[in-house]
Structures are given as structure tokens and as C-alpha cells.
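Naming follows writing order (A, B, C and D), and every chain is counted from residue 1.
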Amino acid sequence: MTEKIGVYVCHCGTNIAGIVDVEDVAKWAAEKLQRRGVVIARDYKFMCSSLGQELIEKDIKELGLTRVVVAACSPHLHEKTFRNACKNAGLNPYLCELVSIREQVSWVHTDKVVATEKSKAIVSGGVERVIWHEPLEPLRVPIHPATLVVGGGIAGIQAALEIADAGYHVYMVEREPSIGGHMAQFDKTFPTLDCSACILTPKMVDVGNHPNITLLTWAEVTNVDGYVGNFQATIRQKARCVNTELCTGCGICWEKCPKKVIDDVFEAGLGKRKAIYTPFPQAVPRYPVLDKANCTYFLKGTCKACEKFCPTGAIDFTQQDEFLQIDVGQIILATGWDLFDVRRMPQYGYGRLANVFTSLEFERLSNASGPTGGKIVLRDGVTPPASVAIVHCVGSRDKNYNPYCSSICCMQSLKFAHLVHERTGAEVYNCYIDIRTPSKGYEEFYQRLLEEGTHFIRGKVAEVTNAYRTPEEEGKLIVQVEDTLIGKQRRIPVDMVILSAGLEPRHDAKEVGRLFGISCSADGWYIERHPKLDPVATMTDGVYIAGVVQGPKDIPASVAQGAAAAARALGKIQQKEVAMEPIRATINEDKCSGCRMCNTLCPFNAILFHEDKMVSEVNPALCQGCGTCVAACPAGAISGTGFSNEQILAQLDGLLLLNIKRLEEIPA
Amino acid sequence: MSEQTDINKPFEPVIIGFTCNWCSYRAADMAGTARMKYSPNIRLIRLMCSGRLDPTFVLKAFAGGADGVMITGCHPGDCHYVEQNYKALRRFIILKKTLQQFGIEAGRIKLLWASAAEGAFFTEEVNKFVEQVRALGPLQWPTSGGGLEKMFAVPEHMLVKEVTV
Amino acid sequence: MKEYVYFPGCSLEKIAISYHLSAVETTQKLGIKLTELEDWNCCGATAYFHVDELLAYTLTARNLAMAEKIGSEIVAPCSACYKNMYFTNVHLNEDPDLAEHINEALQEDNLSFSGKMVVKHLIEVFSNDVSSEEIKSKVIYPLSGLRVATYYGCQILRPKKDHEDVEQPHYFEDLMSAIGATPVDFPLKLTCCGGSLLISSRPAAYSMIHNLLYDAQRAQADVIATACPLCQVNLECYQQQVNQEFGTHFAIPVVYFTQLIGLSMGIPPKKLGFGKEFLSPKKAIDAIKNIKSQEEVITQ
Amino acid sequence: MSTNGKPKFAMYWAASCGGCEIAVLNIHEKILDVDANFEVVFWPVAMDAKYKDVEAMEDGSILLTLFNGAIRNDENEHIAKLLRRKSKLLVAFGSCANEGCMPALANLSSVKDMVDTAFTTITTDNPQNIRPNTSYTVPEGELYIPTLYPVVRTLDQVVPVDYYMPGCPPESHQIAAVIDLVIQVLQGKAELPPAGSVIGAGGSTVCDECPRTRNEKKIKKFERIQNIMIDPELCILEQGVLCSGPATRSGCDAPCPKAGSPCIGCYGPAEGAEDYGSRLMTAVASVIDSNDPAEIERIFEGIPDPAGQFYRFNLAGSLLRFSKSAWKE
């Protein structure tokens, strides 16, 4: 045995030492694995601390260690730390192996004896594996300075502006005709009640005019190839039927368009738009899109009113969808959320009982530029309500629908209550499970509402019905709810019910996630790299998430995440290049018989076949290191650095303690 | 290993688990971070992808004394490497078939898809599998040391001849 | 020709005899064959499952096991019978241990439960298995103008079947429209009738019945149509007490949906068990009488 | 026994079919070089010899022993150990000695089953259901016949082996080459390869020597060769017939694929492959053209006997080596 191996067992305070007898593990390794090359085995309070690292560095220098095994936490946490320690001591960082006895032992097991035994096996596995490690150099690839931001809501806008202002190019892709997202639909924002449009519009305009931002609205990303620093994205620019070169956004076309269409997107079905339209007056960009599905010309072959009246001749019925290819270094996903479909809870009567509204409908209803000009009225469009019930947690905190808390509904409902109160003087009943106001100025807002005389009823609403039992109830919506504070069932007759519907992942979140190589949690929100320490990065290098895509959150949090994601992207751009794990497959030409078994296996097309030499070869730039071809090669001609057969089989030996057995058979 | 020294003690199987770096290993990490408890009989090996799973590893594990082997990866469609977990699936199916001919029960090998978010699920499944293997009893493949020699007792008359030189 | 194993259940023997009669008559008209299960036993009703679950399951499983021998689908007109058989079926299929346990008991009777039986409520037969066209084609006297409160009751929809809307179903209404009647807006159509509360807490039961009658009256229903003997009894037989209790003057007849269908198909009221009720559904029967008399006029 | 000073040569067959001997004789006049350069001291198939003569020899007195056949019974083991002691160079010759070959397929069933099959099938006339006795007493003393072991082993599972020469049998041109080599070594003209290495074979796999054109592989269905017309030009595996070529060590010059029949893998695993069967298995499985479990199952139904298919020659040499039924019963 030529290698000199050092084994370091971490206490992690009591995190490991509380369950695993770390001293014993170290002692055991020093004795039993001595003949496998272990020259030193230590245990230490915190291996990851600078002192702990120095311990390793010292041994490397003084004992001339050629391999290092650290038994501590998950490699996903501290692999880099200990690799650096080796590097500092002049040992190739890849000659270090970090095995997890915290996540995989002390945190998940309770029996100390068994846990200690398992830790020994894991250490022994690490030792056997590390013997087969080879010195490696990380691959360095240049980073393309441009960034793709998907989604033009407030989170995306923030991210785009941060990067663009820093002087780097941004492509912003938005599915709808205008950026602005849900925030553009709101009238007021809690808790300050400043007007949503007033604070959002300037930012939208900045995006529209920014020299460093290429704005692609009415467009979708259809394909993404490549890897961090070098992504190639394909974007479908849907046909606008408007020549943006010529269009001035004067608006004559949509004035003249004879076709009225119910606007399910921006007006949440409450208002109408034309067949050629911009969703709202402050839309960015200002040029409209022509909705072919509803345009009289496309349906009947006649009309062309817009074309006739357009002063600049910008209307172009022949426009087709275009596909653009762009190169970017990194990607920020801020694709936002969908509203929970309240029809899934028929007991609340939406769609059946006219005056039951969704939260988004109410946002439009209360919006000065909305269909009623900000007048809060019943469906008939005229009658102001004398009493309004606001149902919290619709579809949220309910195992039949979404178990999670949508986090904004409480504040939103309070805002609604305030607006109703302010504009109609109606009696307002807020039916809640718990009131959650955990942010700056939120609790104060709640107090304010209490003082305004809004009724708060603690209980989950059972049903909303029109089945009156008393003359008072006649013609009203009756909200059946148990008031858990007085322990009584209550029937509250009201004129209007607002369902504070929860936030849901976009209906196509999963597909979009796959497109960008990131995965969704069970709830459907995108998974961050670390829930606390890395909330905007994802498991896929170079792809970040911002805003509600990562989980329900309010505007300030979305903005913060947008900025955070931008900062992460900028950080990488500044580095100019990324170091990539040198985990790659290589084919031994002499062994390769050119059977072409591996050729179809690579999703990144990294394997090419040389007809002339009749051998296959791996392109290291494209190889992502999954090792599928390594496992598949019938001749064993392909080897995978970092995860070679030798390494894994050796680790198996160690885990099963066969190494010890063998040693016992042959005397020293 | 699997030897039952004390018959009153329940048999403690040794199980090798192969995890993929992106989903199932992170599920295991999550189980840890959330302090979920599962039975200590399983020892994990990290691969970059379930597609790296070479049947040799599984055979080696059994030959080396493991009583059960669990192969885990990302859910179909969620593979970090697009679709490599399907290759694992294909290998698993034929491997299982082959192992049965070797008398290794289908219940000793399991393929599990677990996403990075499914720490709890991972925990449950590990526990289930450990119990399943426990119920099947020790495998103790002779090549794992001990037992093999016993198979080849050379009879007396042969040994006698040996020393006639 | 559709065939079902028929499980009448105890109440259809006496108190709900009219349900039984009308069920048999109407299904015959539609060319549906009901084969009554021989030697059937009580379904356990609402109480037994809370007394001894295991025995209750066995009791119900016995019926299902016997039914397996003669058919593939079993239909119960009584909601309680239906609910018990349906969830026993579901539960035993999900829990093989329990099934094994119960099969041991059934062995005594040389029976075994395989769980392959499909359990249906009678109204499902009319609303799913038979198309509304088929029904319409058999209607001779559309009950035009008859305002019907379609009362599902609480048990038909439990436990939930796949793709079944348990919050706002409308198949009962559709069925009534098919025979020319007018289903009214009856929001409480799924609300409990009080069930066996009448035994344990009369006041509670009365107020529940009151709410239902009130809602039906609000909707100006001529008649409440039900698909459950217990609902029928509670809503009809206790109207007097409810009136005394609440000082109301309810007089709303409560009939079985099969009786109305029978009428519309021209089956003589007697054969449908009419005349046994406390509150005569005169309006319903008159509806036809009128048409008949008009016809006579025409034919003369 | 007289000696002519020539280095001694021995060849022995344990559990084998004799094909290896024929392959040796098949080197034609080269056999004369053998005679010219060696004194053949022990070769049961070619000349009369007694075990006791061998036992009487000095340890290490035989220069080269070609040992073919697997270790199936105690006699095999005894002679293996004996020849190991007596020989300088012990070569595991042919598939049986290397990896178990056909005899080792018996490792999938118990000895009892085997004997039953041999002595009680309908084709056997054995009314009293007799089984062979391993020992029998006669006036002259005790007679023995070898005892079957529960499982077949390879030569190197019993004694240390110097060189491995794969093939069922080894191709004659390879044998000739090896003999040439040894002679050259004797004449000091060449060096012996490092101990433990595989001789008389290539470093790649059979596809390397197969002339058929090959493309990217996608398998939707496995065919049995008798059911289809094999395209003479195209890779056999791509035609759905399971060919072991991709996983099998080169050196044979791919006679089978050339003749239009799939490689069955007699040259054993490629250099450094831990387990032949799993290499073949993983390769074949990887190119199945489906992601649907049910369909994959269906496609694999085309391989009714995977163990026999993937481990046809390699069972004793594989990681598991035998089935549970072989050692548990």
C-alpha cells in the first residue's frame, strides 16, 4: 500500500458526536485500516473551522499525506471547504473524499452503538474509495456575459434592471403582450396602500427603454441547450401582426377595432378588450398585438379596420411566428404564479352565485383603471354592496387542495376589507383561520383594520349558499361559518363574497422546469439550491429563480429575490469563466471496439463515432459526467473520472468491510 | 455482516443504497436536515446519476454480503441528465430477472424514484425496504467470506494420496 | 338487457314498500332485469358499524359474497344499504388483511368475498346506465308544471366515487327534467335529514327537517323527491311535529323518484304504491289526470 | 523415468469436453515443434501416464502445463493442486479452466437435481433408481470414483495460475503463437509477459475484428436467429439477435459473426471487466428502445433465460459464481 491516508472525523459540535462515538471511529480507523494506508486518524470538534482545516493542512505537510478522508457532513455542504484545505497544503483537491456521517448517520439514527458501527463502515468505504482517486484539474469555461430573464413580472423586471444597469446585456422574454405581471393588475399595494401602477410603471418604462435590455414580449422560450456560461436558447416570437418598426402605439387600431373580446387574463374576465389590443394603457411595449383567434378578418376574411385606420401602415396580417436563437451565460426564471381555481370548491358557489368574486376580480373591480373605474359594485354593475364577506385561505392550508400557506392572502384580504370599507362603507366580515402579518408594517395594518371596525371571525367557512331560512337572509348570500372563538355556528347574510384564493404554481411549471433543467417540489414550486442559504440558485448551475416561482411571497420579497438573483448572475459574469467539476467520461481507444452501443445513450450528444478509426470518442466540453455510457460500455472501455468503477467497487468493499475481512485472512 | 450471532436478536440486514447526486442523495440529505429517522441498515453510495448504475455494482454488493440493494434516482422526466434514469430502469428490469435465476429474490432489490424534496418519502421507503429484506432473512452469499471453503471438503482418501510422495 | 342483483333492504319490505313497488315497475318498463338476492341479510344500517365494525363488515360482505355468485353488479334502492355495501367493498379491496379475516368467517357459509362486485345505488341506474333518451322515450305523461325539490340526502354521495361531483351534483335534476317535471333550486339538497337523530335527539332532528322543508317551500316545490327511505320517513312523517315545534304549516308531500318516473310512464298510481303516504301527492297525480282527461276530450 | 534434458511439458483435462486437446492438435505441423522443444511428460488424452508418476516428479520440474477443464470434482482439484506443485508455468487453458464454460452452467442447479436428471429421465433405463457410489469395497481393497462438488470452480479459484488463455477452444492460430513465444523465450529471444496476464487473445472485443457494418443501436425486439434472415453485411445485434461480441474479448478473429451467427462469448470478458454477464446485460439493456416499464418487460421476454444467455461461458468466473439452489440445498 503506497498511499498515505489521513482520516478526520468531525464532531460537528454535538450534531455528530451526540450520537456517534467519534473518538472510537477515529481509533478504529487508525488501527483496522492502518494496513490500508491510514497513517493518521483524528477527531475534532469542527473540522470545517479554520482550526480544523489547519489540522489537515499540517498533517499533509508534516506526514506527507497523499490522500484525505473527512467524515463529517454532506459533500454538498463542505466538499469544497476540505478540497481547498488540501489545495492550500499542496495536495490536489480531488485526492480528498468527504463522507457524510451527519445527514446519513447521526441525524437519522438514534441507537449510538449502531450509528457508530455504520460510521466506521462509511469511513472504511471512504478510505477504499480515496485510494483510487486521481489528481484532477477543474475544467474552465468562459461565461457569456448576456443573461436571459424569463418572465416580466416585478421580480423579473427588478432582476433585468439590476443587470442592465451594471452594464451587461439582458434578454427579457414575456409570454403576454406587455410586461408588468400580476402587479400591474392591482390598484393598491399593502400595507402602505400606495398605488401599484404609480410605482410599477416607471420600472416598466425603464425596461422598455434600456439600451442593455432586449425586450421580447408575446414570446416564449421553446428550447434550451448547453450549460452554465454557455446556454443556447430558442425563443418563439409569436406573430403580433403589427410591425413594431412602424407602430407608434397611438391606439387608433384598437379604438377602431369592432370586435370586443372578454379579457380573461388582465381583466380577470370582468372587462372586455378589442381583438387588437394592449392589455392596459401603460403597457410596455406600447405596440399592440392582434389576437388572431378572435380577429374578424382572420375569422371571416373581411374587416381590416385596423389596417385601414393605421396612420403608419404598421398592421401586417401576413406576419408569422419567428424563432430566434440567442446565446446567454445564465438564466433567471421569474415566471410567477396562477390563481387557485375557486371553482374547485363549489361549496363557495363561485360561478353559481353571481356575487361571489375571486381576489383577482376584486383587484380589477377596485382598480381605478378597471372595468368599473374603481367602483366596488355587485355583478349587476351598479349596486354597491351593503355587506361583504372576505373568505381567507381559499384553496390554501387545506389538504384537499394546497397544504401550504399562500402567505399574501391575509394582507390582501385586509387590504380588500379596507378598500371596501373606505369606498362603500359596507359592513365587512373577514373569515380567517389565522391572521398572519409577519412583515414590516403588516401587523400595524391589521390593527388599523380592527379599529376601522371590520368584523373578524375566526373559522373556516363551510359554505356560501343562497338557501335563506329567515326573511333577513332572503335574497342574500349566506356565509355558514363556525366562529371558533365563541364556539358557535354562524350564518352571515351578505351582498358580496370575496374569495381570497391562494397562489399556485403556473399550470405549466413542470414542463418549463424541465426545459431549464430544474425540478419542482411536491407543491410544484421550483426547488432552490438551499432553502436558507441559497434561495435563488437552483441545482442547475447558471439557472436562478426569483419571485413567486420559488414559493408564495409578496412584492417586497419578490423584488428582493429579483435583485438577489441578479447579484448572483453578475458575480459569475465578473468571474469571466466558471470552473466545472472535471467529472467526465473518456474512452480508451485501444479497448474501444467501435460497437457503437454508447452512441445513442448521451442526451448531450457528447459521444461521436469516428468511422475511419472505428472508435467512439467523448467530447469533454459537452459531457456532463452522468456516467451512463461508462456503465453501459460492454468492453469497459469508457471510464468516468471521479466515479470510476474502481472507486465505486472499492467503496463497496469498504462499506461491506470486506477489506477488513481480507486483512484478517492475511497476517501482517 | 449478516451473521445472526444471537438468535433472540432480530436479523439486521445489510443494505447498500445507490443514490443519484441530484435527487435521491439530496432527498437523503433532506431527511437528515429534517432529522427524520430511518433504520440504520442502509449504507449509501453516491453516483452522479442512476444512469451510472452498473449491474456489476449490484452483483458485487450481493457477492460481498449485502442482503439487499436499493437503487434510487430522480423521478422519470426529472432526471438532471434528461433521461438517463430510464437507462437505470431498463437495466434494473433485466437485472432483477437475472438475479431471480441466481435464487436472489426479487424482494432484495428495489428501484426507487425520489426527488430532492421527498425526504419523508425516502425515509418511509427505506424503512419499508429494510423490513421487506429482514422478512426475507439473511442472504450471506458464500463469496462474502466463510461458507465457501465448507463447500469443498476434500475426502480423506484424496488427502491420504497427497502425502505419498 | 341490463341485469342487476337487487338488494331491497329491510325498509323496502314494509315502510318503504312503495319505493320497492315503483322500483320494480319502472325498471321493468325500461327493460332492466332485477334479480333479488336470496337470503339477504341486514346491511348493518347506520348503527352497527359503530357497535362492532368487524361484524358489521362481515354482515355486509356476506351479501356481496352471495351476490358475486349470481351477478356482477348489485343495486340498492336504500341509501344506507348502498353506502354500507359500497364502502365495505372499497375498504375490503384496499385492506387485504381485513378481507382475509372476513373471508375466514364467510368460509362457514361456503362463501368468499373477492371484491369484484360493482355496487350501485338505484338512482345511478336511472341516471348513468340508462340514457335520458331511453327514459324520455318511455314517458307518456310528462309531469309538466310539477315543481320537484330533488333531495339527494347525505349518503348517496359517500364515499365519493371517481369523477363524481359531491358538492354540486345535478343528475337527479336531469332525471326529473327528463320526465317533464321542473326541478327547483334546492340548495340544501345534500343536507342531512337528521337520520337516526330522531331516536337520540328529537329537537336536533326536527330543526334539521325544518330547514329542509323551509328550503323546499321557499323554492315553491309541489313535492320533494327522494332516493332514500329514511329521508322519506323523516321528511314526511314528522311534518306535523315540526309544524307544532316551529309553528309552521308545512304540507309538502315526499315521494320516491321512482314513483314520479312511474307516473310519467303511465303506470297506474296504485301499482307504484301511491295511497300509502301521509301527505297525498295530489298535485303530482293530478298533473297526469289532467292530461288524461284532456286526451279523453280529444278522443271523444 | 528417463529424461532427455528437454524442458518438460504437460497437458491435463479436468471437467472439459476434449475440444481443447483437439485445438492443440489442430495446430498441424507446429505440434512437431512442441515435440522438438519439449519432453511431454503427462498428457492423458495423448499418452498413457499414471498420477503416481506425476506425484513422483520433483516439484517445479515441469516447465509448462496447459490445464484445461473446470474443477467439478475432488479428482479435478487434486490434480490441479498436484500439477500446480510440479509446474513452473501453469496456464489456465480454454474457457472451462478460465471461467467455467458450459460445465459451470450446472452452477444454476443443485448436484441432486443434476444427478437426478442424469439417472432418472425417461431416456434413462434405471428401474431400481440406482445412483453411483463414490466408494466401493472389493477384495483388493477400496475403489473410489471422484465426488462431485456442489459447484464448479475455475482453475484459479483452486490454485494460483500464471497465465490465462481463453477460448472454447482457444483458436489454433493463437495456440501456435503462444507456443512460438514460449520457444522463443526458451531460446532467450523473447520475454515472458507479466504473470497473471491473458495470453493468446486481443485487448479489445470481438466487434473489433467483426467486419459487419454497425450503426447507432436501438432494440425494439429480440429475435431468435432461426426466425429471421440475417443480413450478411449488417451488425447482427442491430438485427435483434443477441450477439455477445461487444462484451467478448477479441482474439478469435470473429469467426461466428463472419459466418452469420452471433458471437456466444467464449473468449470471456474484455480486459479489466469485473463481471462478463453484467457488462453484456448493461450494454444490451441500455439500448432498449423504450421508456415504458411494461414495454421494456415485453422486449426482455425475448431473452427467456438471461442467466444462461449472459453467463453462458462465465458463470463460475462471475461475481456470484452460482445460484442459491446450488449451495443452499
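The definition used in the following text is that a residue touches a chain if its C-beta (ideal position, glycine included) is under 8 Å from a C-beta of that chain, and two chains touch if they have at least 3 such contacts.
Just so you know, these numbers come straight off a predicted model, no measurement behind them.
S.K.: So using the touch definition from the top, which pair is joined by more C-beta contacts, A-B or A-C?
M.R.: Of A-B and A-C, it is A-B that has more C-beta pairs in contact.
S.K.: Using Cα averages as centroids, what's the distance between subunit A and subunit B in whole Å?
M.R.: Each chain's C-alpha centroid was found; their separation is 34 Å.
S.K.: Starting from the mean Cα coordinates of subunit B and subunit C, work out the distance between those two points in Å.
M.R.: It comes to 56 Å between the two C-alpha centres.
S.K.: Suppose each chain is reduced to the average of its Cα coordinates; what separation in Å results between subunit A and subunit C?
M.R.: Subunit A and subunit C have C-alpha centres separated by 51 Å.
S.K.: Just the number, please: Cα centre separation of subunit C and subunit D in whole Å.
M.R.: 77
S.K.: Tell me, which residues of subunit D touch at least two other chains?
M.R.: Expected reply: 274, 279, 282, 286.
S.K.: Which residues does subunit B have that touch at least 2 chains other than itself?
M.R.: If we look for residues of subunit B contacting two or more partner chains, we find 54, 56, 60, 83, 87, 91.
S.K.: Could you list each pair of chains that touch, in label order?
M.R.: Pairwise, the chains that meet the contact rule are A-B, A-C, A-D, B-D.
S.K.: Show which residues of subunit B lie in contact with subunit A when the two form their complex.
M.R.: These residues of subunit B touch subunit A: 1, 14, 16, 22-23, 25-26, 28-29, 31-33, 35-38, 40, 43-49, 51-54, 56-57, 60-61, 64-66, 74, 77-78, 80-84, 87, 91, 115-118, 123, 144-145.
S.K.: With touch defined as at the start, can you tell me which subunit A residues reach subunit C in the complex?
M.R.: 345-347, 352, 465-469
S.K.: What does subunit D use to touch subunit A in their complex?
M.R.: 203-208, 214-218, 235, 237, 245-247, 250, 269-274, 279-280, 282-283, 286-287
S.K.: Report the residues of subunit D in contact with subunit B in the complex, numbered from low to high.
M.R.: Against subunit B, subunit D makes touches at 51-52, 55-56, 74-75, 77-78, 81, 108, 134-135, 142, 144, 147, 149-151, 153, 274-275, 277-279, 281-282, 284-286, 288, 290-291, 293, 296-297, 300, 303, 305-308, 310, 318-325, 327-328.
S.K.: Please name which positions on subunit A make contact with subunit D in the complex.
M.R.: Subunit A residues touching subunit D: 590-601, 609, 614, 628, 631-637, 645, 649.
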